[in-house]
Every structure is written in C-alpha cells, then in structure tokens.
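Quick heads-up: structures coming right below.
What follows is a pair of complexes built around subunit A, which joins subunit B in one and subunit C in the other.
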Partner chain A sequence: MPEITQEMRDEVKGIVYNFFADECEVDKESINSETKVIEDLEGDSLMFLELLEIFKKKYNITVGVESIGKYIMKHPAETVGKIVDLILLIIEHGEKISEIG
Partner chain B sequence: MERSIISEWELHGNIGVLTINNPPQNYLEGFKLAHLPDLKRWTEGDALKGMIIVGKGRHFCAGFNKEDLYKTGDEKVLLEELRKSNEILYHLEALQIPVVAAVTGVCLGGGLELALSWHIRVCSDKALFSFPETGIGIIPGLNGTVRLPGKIGLCRSLEMVLAGNVIHADEAMALGLVDYVVPSKEVLEFSLRLLDRMTTGRSTNIIRSIMKSINNSSKLSFNAATEEETGLFAGLVLARTKVMPENGKSG
Partner chain C sequence: MNEVFGCGIDLEELSRFDRYTRNNDYSLMEDICTERELMNISGDKRARLALSFSCKEAFLKALGVSWTNSNVSWKDIELLFDGAELDSCRVHLQGYAKELLLRNRADIGEISFEFHDEFVLFQVVLLKEGKEELLSNSRMVRI
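Moving on to the complex of A and B:
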C-alpha cells in the first residue's frame, strides 16, 4: 500500500485540474475543489473513466471499475476536490477501495 | 440535416456523416442507432462515395443504457430488438462504400460493436475501448465476440471481454483494433480527408467493385471470391473498352 505524500497529492491535483481544464475547455484558474463536474464544467460521468485510466497507467494501479463503483455508491464524487480525493484513495487502496466504509 | 432515433445525417460533398446524437454518453436508444428504412434511404444512390460515423460531443458511444437493457423483460421482444439492431449493422457493413467509425472519448460495449462492424476505425489519441458487459453479468450481444477475434486474435479477445479491460488508443492500435490514431480534435477532419483521398477521381462503379471484392474476401471461399473478382475485373475492362476502344486494343 503506497504512502500518499504531499508531492503525490500535488501531482494528482495538477493532473486532475489540467484534465478538466483541457477536456472541458475552461481556464484552469476557474477550477477549484468545489467546482461541480457536471453542473459547472458541463462534463459527464464517463470522464472519470478517462481520468482513472491516466492514473492506472501512471501509478501502475490494478483496480476494477466494479470495486470503485461500490465505493462511489456510498460516496458520490461530484466535485473536482472529491475526485482528487477519490483518485488518492484508489492509489492508496487499489482493489480494496470497495472495503472502505 | 435529417434525424432518425439518435442519428443525424448530413452530406459533406460525396461523403455522408452520421452523428450519434444522444449526449453526453451517446447511449443507443432501445438498442438502435436509427430506423433501417431511414438508413437505407440515406445511403442509397450513386452520389455517395463514403460514410463516417461519429459521436456528438466528447464520446463516440457508451453502448446500451443498462436501464433500457433490463426494462424489456420479455425474451421475444428482446430478441426482436437485437435482431433489428443487427440488421442495421449488417446493412452498414455490406454497403459498397467505405464506412469509417471516427471514435473520440469512450467507446464501450454496444458502441464498440458498432465500430467493429464497419470497415475502418479512426480514433483519437485519448480514446478508450472496453466491453464492460461481464461486470454486470452479461456478454456482448451485437456480434462483439464474433467480430473481435478477427481483429485482435482469440487470446486478446478473451482477455478483453472476460476481464472487461479498458484498452487505450495506443494499445488498440498495436492490437489491430483500430487503423489510425490521430489527435483528439482532428478525428472527423482526418476521416474526411482519408475518404477523400480514397475516393476522389474514382467512379462509383470502381468503389463498389473494390468494396464488393474486399467484402467477399471474408464472406466467401477463396475460390468463390476469386471468381467474383475476375468477373468484376472483366466487367470493368469491357466497360472501358466500349468507352475507349483505342485503350481496349492496346491492352
């Protein structure tokens, strides 16, 4: 289980913010942790799948969409900040994310 | 621009562009892309030399909507719906013009089955492909397991469908799942240029003969396909001999 460092947090946040700025064609400065992906950025649920694949490749993570789905059912991630937190949890726990209460 | 179910149709010169317009996920509605009679009408006639299918917005198509899938309930109705969907795929696959799937964003399940049934697949460098059906206890239902091995081989097909792996554009290219990978914003333009390069200066007769012969290579035995090609070749030679007798004599 990798330890999440501040450097990692900053890197994940940077990648997530850049992704949404690029894909939703908005200024990165206009995004903050409270920005809602669907309402504010006109994004969609499939964008998380795209983001997840970026991080799976980058951190060599093995995790099934079903495991993440189980966690998201209990903890919806609607804002950019919550998505950053979710990615960090996935990096930290991998497949075991579904066991988090 | 004309519309049928979730499809919109417009012409760019001799190239038809069908847009799957059900954003953001571009789910198939009731398993279908368009009404078959509308598709037949759009794709008939000698003027059309190629066709591109693209998704509206960020994604190509996320396949079936899970809610649609389970609400049918009745086996006969479900089988009939799937039969109609297959008829659409067969119609587009059998068209005697090149059909390009121009894939951006996510291409999942039924969306990937659509893309597999057409002749050429162009995708963006960020495109993702997957058959997620096993994750919800079903299997691909629009020829996905039948067409996939012909593109990426038996072993990788088993892995992709059973594990529900997500395949990136670069891996899709290496596997032979797609034919071209281009930057995200250039997918439609590249596809138009590709078809333009293939068909400009080529008569409808030539395009149809080539499409027919190439389609025969996977549908008929080698001997039958060769016989058909010989017939097509002879027909074109004789047609040119009649138009240009001097060329005919000089061979």
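Moving on to the complex of A and C:
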C-alpha cells in the first residue's frame, strides 16, 4: 500500500484539474474543489474512466470499476475535490477500496 | 399494448474513441466490455466501440440505474456484431441487468441505433409484463 505524500496529493490534483480543463474545454483557473463534475463541467462516465485509466497506468494500480462503483455508492464523488480524494484512495487501497466503510 | 418500463437514449461522439483505435490500447474498454465483445470488435473499430458504449449507457438509463448506484455493470450489457458490417448486431443481457428485468417482469422492447456525421445514437425501450419465455436476454438490432 503506497504512502500518500503531499507531493503525490499535489500531483494527483494537478493531473485531475488539467484533465477536466482539457476534456471539458474550460480554464483550469475556473475549476476548484467544489466544482461539480456533471453540473458545472458536463462530465460523464467515459471521462471518469479515462481519468481512472491515467492513474492506473501511472501508479500501476489494479482495480476494477465494479470495486470503485461499490465505493461510490457509499461515498458519492460529485465534485472535482471528491474525485481527487477518490483517486488518492484508489492509489492507496487498489481493489480493497470497495471494503472501505 | 405493453406498458413502458423504461427508455434510454445515449449519444456518443465517435472521435472520443479514436485514442483507443489509434494506439490499439483497449485497456479502458476492458473495464466495460466483455471478452466476447473485445474479440468481436473488428472492421470499423472506432464505430463499434462507440456503438458498444452507447448501447450500454442507453440500457443503464432505460433500467434507471448507473454503475455508481447499483450492482449493474457495463459488462452486463453485451453488444455483439453478427458480421463485418455494422447493420446487424445482437444485445445480450446478463448478470444484474438481466436480474433487474426479470424481477420487474420487463423485457426488451424496441432497440435501435443510427450513425449521423460523427455521432452515434442508441435508443432502448423496455416494456413491462413481458412473457417469461420471451425474457430474452438477447435481441437482434437492425438499422
């Protein structure tokens, strides 16, 4: 289980913000932790999968979308900030994310 | 006339699937497509991937669920092509998607798709009170 450092947090946040800025064609400066992915950025499932894929490759993570789905059922990730937190949890826990209460 | 259980429409832009066919990188599609689907993708791969994803999204909408609020997964909805062309394919439901239909005594009613410019549109209508012997987990789609 990799240790989540502040450097890693900053890197993940940067990648997530850049991703949504590019994909949703908005200024990165207009995105903050409270920005709603669907309502404000018109994000969708495919975008989330693409973002997930970036991190799976970068951190060599093995995790199925079903496990992530089970976690999101308990902990909705509607904002960019929550997406960043979710990605960090995925990096930290991998497949076991579904076991988090 | 059967009552409508649900309907779903999904529109996808073909260019969003370029990155997979261009790089032959289907790792993301492995999360949402079954092995059979991935083996079945040939010919115009971009169009088939887009159609497959659009089909799955339309069915999720028709079922009234998403991958984040139910046990239904994208892999529960399979779109398999009968040949080299796009004009004939078959939808196969399994897992929780099929269970959801069975539990609600619903069935696949109308399904159709069309390509227009750089977009694909997939439409699904699910009907209530389907006869059990017709509770098909498989239905031919033709455009």
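Here, the second predicted complex is superposed on the first by the 101 of 101 C-alpha atoms of A that agree within 3 Å, B and C clash if a C-alpha of one lies under 4 Å from a C-alpha of the other, contacts with A are read in each partner's own complex, and residues count from 1 in each chain.
Note that a contact is a pair of C-beta atoms (placed from the backbone, for glycine too) under 8 Å apart; a residue touches a chain by one contact, two chains touch by 3 or more.
Model, not experiment: these values are computed from the prediction.
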item	value
Fit-or-clash call for subunit B and subunit C when the two complexes are aligned on subunit A	clash
Touched partner set for A:Met73, first subunit B, second subunit C, both or neither	second
Partner chain in contact with A:Val65 - subunit B first, subunit C second, else both or neither	both
Touched partner set for A:Glu39, first subunit B, second subunit C, both or neither	neither
Touching partner for A:Glu50 - first (subunit B), second (subunit C), both, neither	both
Subunit B and subunit C footprints on subunit A, overlapping residues	45-46, 49-50, 53, 57, 64-66
Interfacial residue positions of subunit A with respect to subunit B in the complex	23, 43-47, 49-50, 53, 57, 64-66
Residue ranges of subunit B in contact with subunit A within the complex	23-25, 58-59, 62, 105-106, 126, 128, 132, 135, 164, 166, 168
List of subunit C residues in touch with subunit A within their complex	12, 16, 27-28, 31-32, 53, 57, 66-70, 73-74
Sites on subunit A touched by subunit C in the complex	45-46, 49-50, 52-53, 56-57, 64-66, 69, 72-73, 76
